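First comes the structure, then the notes that go with it.
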């Protein structure tokens, strides 16, 4: 079970509950602040006897005890009925408006980054992406500019007024990257790099966690749980395609993961159609599909000179395509949220029980009409 | 190469070309009528020497010779730049408006089918689906009502004024099924049942060809080629999910296949979110995603009493959800086609060449604005 | 539950039990003869109340009622503790000695087949394979010689004194193929072609059932159940690789399926390393691995002139390699069966219970020493 | 190209060539010592003009220039025709005799490790395994004893006279782990943790590199290239199963990777049937299959009290089963290497060319007879 404290609980009241839990379980509970001002306290492994439940719920600052039925607790929608909103500067990820993160695959130089940043902003991007430390399959491929790249990325972001997102690959560099980046990206190859997850969680920075090549949804949410368990609530998931058997596309974009995650977790979900398809001409339609599936935004490789990119040229689009995507996503989001009232499956509790595979009842998203509750959106 | 005859070529002129090809290749060519009134003649294995090309192109009724670079010829977009429209009664599949095929998994009885047919029609469906011959993993599961089921399906369709789609599982039954059904469905398990493909092709009926559990795009288009090679141009593809590793969903819906097929073939593409996800609450969002990805329509399991279905109850939606899907798909389609002009990648031939994985330049779709040409839509 | 009749039960006593079951379940039970002379009677869907159990077990000709815990019944090891032996002429598949089925991919002509048959026999093959009806991904690829090919195959087998195995692709041809072939092969693409399975089951001929490209073990055994449910006990399974993501090999050979099937079913299991790898140089080592894993034999593409084969040249070996494989498999089988006594996991019932994934206790294989019971061999 | 120096090249002669390459390519080449005493020098990205080739080959200490046709160079069999032997204490991995690494999943305590170490040794194991830092999918699962676990592992190994293998999960801990471990293990989740690969490579310790969940053979060999490129020649590969779609087994063991790697690389290959199947009863047969496929050894989870293991109990065997495996592997290896002379495919260069998928001609393995050259063994 997870203990939810009242929003008006004072710090010393929070400490009191934490102390009680530590006493009951012989070690300290995890403490996770909520956007609302409330706090979650979680002590893995503690068995909740009636006596223990009585002692905890007797405390006035305890709002309620939340039972957990999934392998992950803090990432579960059960503990956080509303969708989590992650604030990055003035941008809100998960707030209802699709957020676009765009930029080149790699930071290659000052002029390239500055030009790309301005082009991304003008095309409608909300955040700037760019790789300074590049995970490359071959040790002989361009590995990125490293710390120098971080500086150039931060400067370009500042010049364009866009917060920046970049990947961090090892625990010992988290502090350096966090100094320059507004959002830390954990790449697919590192989704289960647990020391890195712990370090990124401790940094307190928003973290964008990409799905692993062959990760199940549960494994992905447990990786997010590593981040949350460090007391960092600012976690964003990003579907970027899993390994498929057809060489026609670089990866197999699993868009059903988007509405499925809606029913399982409160964390915002982005989609990366660039790595998800590996093909330039598929990025506009799959961006549209991602938003229609309910994604909170997109992570896209864009460059003013796509064909000159040192890496991922085949999947890099130009600014005019990004602008078309930005316009289209707004139109599609409106088409979804303006949906006229209609009863949908999942609203009727009884009906949900029947299906052997029906998922736990998800909660409302502020950005969607009542009628879409339980639809997976 | 494929020989394209002029639309005004007389039957005897067509025969003349066919005769010439047979003479050159020692057997008869495949003859495929086009919606436009033109004909395609194809003689697999014929080597086109300059002399042969000269003799063929010298004939006035020959419009042009079309070179083929893919393992499939008749299914290739190269031989048919415009999107193929398949007419079923008054419904046009591939004409720009999303088409919805809905109905119960299995035909279970007269009242059930009639009620389902009327509910489907009232919710906005254009065709009625229902299984009379059911491919079931276990020999002990309900196998469908067979021929009696076909009659009930046809009666229900007639009562609701909806053409009907149903699956055929063996060559010897194609004629019987074609007598009752407006569209023959070939299921995933039979995508490479070649005798069945030949028989369905010969029937002349429109055929809905589902993708196999583990079929590559090339294998799927070659299965369609079996149908086309029998002289049947009325072929519809349907993505229904491939085998995945995550038990959370029944299958892994590969929506990127939709825009990818746009660039490779002229055949219309539907999406089946029911089998593609296996979860009721994911069907609305994935229907929206499919249309946003450019699908020509949807194949959905719907029943007035989903929880009472003898098969696939977990993935069967109710009429009100179907109505919401029908409304949403129209709104989304409009959002795509009203997209304001914008240059997109793929329009610039040079740019396309650069990427190692960039696909052949796709042709215009009448239902999409100029600006989307080459975008995969 | 499955009813096991005593070996000495007279036909009228069998009829008596069948009649009783039909009366209890309102339709006829499946009747499956056993090698021992005993019979299995199975009535799917019948609920066994204490009263029903009492009535059945009261009959003297009933040996026992066998409870079923798997989706398949007749294929389950529970109903048939000993390994099933399938006799083809003088060859026994599943009898302990590795059986080798070899021959060209396709029947191409009289001399080719005769030469291949003699070479296969001289290299140590026990049965001859050859394709007369070929399932080809492309409609334009060589499709086999059809009925003429069957004649040539049968003649070549007779000349070499080898029984023949060949694929049948459609129900209406089962009788024709059964006239020439000693074993009917159902290919991967048709593993769930249910009308074909029923027809092959009714033929009474031994059937070699290949695993589908993306079939789970349960789906595969349920396909075998279709054959057994027609009263045909002579079923052989063949692992031939599933779809993988690495283009280095044609398929992904799942050898763990061999010992796993040992624990789940009594049916013999062969391995096809030719399709399983698609690479000539991998066939000898993977043949060795298959036998070491406990396979009952091998299905191998072999030709006196591998590089001249019209199909599958890359995975076709020559007679001298086949001879090396035949020698090696005998030596490996001996190395396994001569294993000195040693307690192994799975012999201790308690220990088996503990593991969440531990499988039902398998029964002894006559061809393996006591000590290997429960080892998966 | 890779420059191979003569075995009798003096250090200053080596420096001379390195200096020349640096001068030609403007940065330092990679320098990799060979077991023979020879050295490989590799400068990625250097274009070898005739002039450059002439200058290099003119040096007396240069044995030859080796052209590279694969994405990996130092891992390629082309640069190292003989199989690499990795020495760990008195044990040789890749020397012909199957090596067994056994021990518990996790180090849990002093007595447990000591008992396990003695049991492993007595059952025939050559090295001791045990996890001190455990990568766990859930942050709430037992994470291992850390540095204290390393001490206990090293003590237990010393007591039993067995070198020890243990996993390292982050670059900053490589030095600590290398202080206690004879072999550093890089786990599947970290196969593409590039900073970790570089650090492990620099440590100079033998490294056991497990295949990633969804890694292609090329990606795996490129990960090995990261290790080799740091000048560390002591690399061991370990196949441990990839992600499959069938829940019956934990992973899908890809044994064809073993003979395939033989043709592509000179590095020794082990197989882990414990993680590869996740089922206790499949470990003996799959160990046998691995050795028959040509594996250089096995990595197995074994405990005197399997059912009491804190992790992986379902896939942990007992000492008596390990003993049976050790005996069986020796018998099987003998059965392979005693194979009588027989011409095999791949010996004839011409024949190899024909197959589109035939691999580069592999070189002899000292431990296998001439006749098996090119067979994939």
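For clarity, chains are labelled A, B, C and D in written order, and residue numbers in each chain start from 1.
Definition applied: contacts are C-beta pairs under 8 Å (C-beta built on N, C-alpha and C of every residue); 3 or more make two chains touch, one makes a residue touch a chain.
In this text the structure is predicted, and so the values were computed from the model without any measurement.
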Chain whose mean Cα position lies farthest from subunit D: B
Geometric centre distance via CA averages, subunit C-subunit A, whole Å: 48
Centre-to-centre distance between subunit B and subunit A (centres being mean Cα positions), rounded to whole Å: 36
Multi-partner residues of subunit A (at least 2 other chains): 214, 242-245, 247
Chain contact graph, described as a line, ring, star, complete graph or other shape: complete
Residue numbers on subunit B that touch subunit C, as the complex places them: 44-45, 71-72, 135-140, 169-172, 189-190, 192-196, 212-214, 219, 222, 225-226, 229, 242-243
Subunit D residues within the subunit B interface of the complex: 243-245, 247
In the complex, subunit A residues that touch subunit B: 214, 216-218, 242, 244-250, 252-256, 258-260, 263, 276-286, 288-294, 306-307, 313-315, 317-318, 320-321, 323-324, 327-328, 331-332, 334-336, 338-340, 342-346, 351-352, 354-359, 362, 371-372, 374-377
